[in-house]
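Chain IDs A, B, C, D, E and F follow the sequence of writing; residue 1 opens each chain.
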Amino acid sequence: MAKKKVVSIIKANPFGWKTFEALRQAVGMAMDHQVSVIFVRDGVFALTNWNPQMLGVPSFDKSIEALSMLGGKIIVEKECLGDRGITKLKDFGVEILIKDKEEICQIISQAEVVITW
Amino acid sequence: MVDTVYLIKKPAEFPIADLISDNDVMILIQDAVLRQPSISNWYACKEDVIARGLKISENRLLDYEDILNLIEKANKVIVW
Amino acid sequence: MKLLILMASNPYSADFNTMVKFSEAAIKRKDEISIFLMANGVYCLNHDKMKELAEKGVKIYYCAHNAHQRKINPVDFAESSSMYGLSKLISQVDKVINLS
Amino acid sequence: MAKKKVVSIIKANPFGWKTFEALRQAVGMAMDHQVSVIFVRDGVFALTNWNPQMLGVPSFDKSIEALSMLGGKIIVEKECLGDRGITKLKDFGVEILIKDKEEICQIISQAEVVITW
Amino acid sequence: MKLLILMASNPYSADFNTMVKFSEAAIKRKDEISIFLMANGVYCLNHDKMKELAEKGVKIYYCAHNAHQRKINPVDFAESSSMYGLSKLISQVDKVINLS
Amino acid sequence: MVDTVYLIKKPAEFPIADLISDNDVMILIQDAVLRQPSISNWYACKEDVIARGLKISENRLLDYEDILNLIEKANKVIVW
């Protein structure tokens, strides 16, 4: 079975079900593939302190942990954080890579499969 | 006396500007709370703001019951 | 007041949370509250929260045409209706909040 | 039973199910109420010649006719037509009122119930 | 080519039309085509068009977890799967078109 | 040789501009066909254009099979 470079780009904000499903999917894919999840635009809010239960959506904290444990990379675009005045990320107990637009374009262009949310 | 309560759901999705009069109130709900409007007469749904981990000054915040109180007194409500 | 929430969004949308929260606040305020499900809103019939709201006194109606189209089975806590039924409801209520 | 002034504002473009459902609803409401359907923004494309069957959505022509027969008004915002370079409306065999922004604001402010799509 | 369409939108969306049209074109091209339904995409299981595509040779998979959550009954023309099953599919295909 | 085929779904929803290289192709589908982009290397889904009653010059139009032909030859496809 071919192990592929898979990139999941999350541009939707996390205040609905999309990010939860995207991360559940990323965990599944990380069992076979080299997965990078990249948060851009309002997607970067996923890495801040917010309260999913107040919106009736499940927390994806466990997926972030599992993804990291399986060797998946969690990346966030620096410029998108700056634009939104986000200076502090939530501590998920896993490594979160802050990369600039150019580095992110590089990662996307090297991917074999790209999924966007 | 409030004429129309506008419930705004999306960031920067404001109704035809001419539509809003001094007797109207704009209340940001859902993702609309992510961006603050430039007009003056606005409030935001408290639970939607807190849920998203945002900071908006307390005097702008209304809980769901506050919003229903306003809607009851208004002539009508328009969700935009 | 007599409040009608007109719901046309699916249960995995932000509108669903807004509908639930307005309903719960209306129950506290002792409003007379109805929810009318149409279009993708009829998918809400299969969400446990709807039954819960019905048990708390919210009257739930749905467009039978949209439910049939989406192959959703009838439930005992909601009343089958139509666009004409919606029209009658609108006559009876003080305010309409539409979520679509 | 109170007959009310109901306005349905269609701002979404017609190339999905929303406009179809909105007009089906407007017809139902027109049996009891004084209904005006107002097309604004990309909603104005509803009144041009397009092909719903190519997109797998049903035609709403019959709803437009029924709405008119029941005394409902069909209104389109002049400025929104101009912005989109739309110079000719489809002939539905019913009266379509082209009104400017100011007139439309007037109609909305006089409504008792407003539904938006 | 081996094509996978990953579908996370409901059957009353523009994505549904895109999915159907790409599938029909892929059938004409004699591609080997699979559709994986997840999130609101599992609502598509109740749409007649899906069965029609399956009969034309499209392999249809769905996330059992999402289908159970939405109270959608199993159908005989689609195969119950999981996020891990999706991962295996991704190994096997040449291209992935995701609609969400 | 096409590197990436971008399928753009919403008007004016373009990917990070830096992302698009000379070897990439942008194809407008769904409602994205309502607004024409300012860049040069774009096509539009023929059926989505005709269905909406729009006019876009014939040499910009690709049918679904054309799009799949391009996707087959490309390294990957990104739906934006």
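A few points about this structure:
One rule holds for everything that comes next: a contact is a pair of C-beta atoms (placed from the backbone, for glycine too) under 8 Å apart; a residue touches a chain by one contact, two chains touch by 3 or more.
All values reported here derive from a predicted model rather than from experimental measurement.
Chains that count as touching both subunit A and subunit D, per the definition above, are B, C, E, F.
Same-residue interface: subunit C and subunit E share over half of the residue numbers found at their contact. Judged by contacting C-beta pairs, the busier of the interfaces D-E and B-D is B-D.
Measuring from the averaged C-alpha position of subunit B to that of subunit E gives a distance of 40 Å. Averaging Cα coordinates per chain places subunit B and subunit F 38 Å apart. With centres set at the average Cα position, the gap from subunit B to subunit C is 22 Å. Chain centres here are Cα means. That of subunit C falls 30 Å from that of subunit E.
Across the assembly, subunit C contributes 12, 14, 17, 39, 96, 98 as residues in contact with two or more other chains.
Across the assembly, subunit F contributes 30-31, 47, 76-77, 79 as residues in contact with two or more other chains. The set of subunit A residues that touch two or more partner chains comprises 15, 17, 55, 113-114, 116.
Touching chain pairs in this entry, ordered by label, are A-B, A-C, A-E, A-F, B-C, B-D, C-D, C-E, D-E, D-F, E-F. Interface residues of subunit E facing subunit A in the complex, by the touch rule stated above, are 6, 8, 38-39, 66, 82-84, 86-88, 90-92, 96, 98, 100.
Within the complex formed with subunit E, the residues of subunit D that make contact are 15-17, 55-57.
Contacts from subunit D toward subunit F in the complex involve residues 13, 15, 42, 45, 48-52, 54-55.
Of all the residues in subunit B, the ones that touch subunit A in their complex are 30-31, 34, 47-48, 50-53. On the subunit F side of its complex with subunit A, the touching residues are 3-4, 16, 18-19, 21, 75-80.
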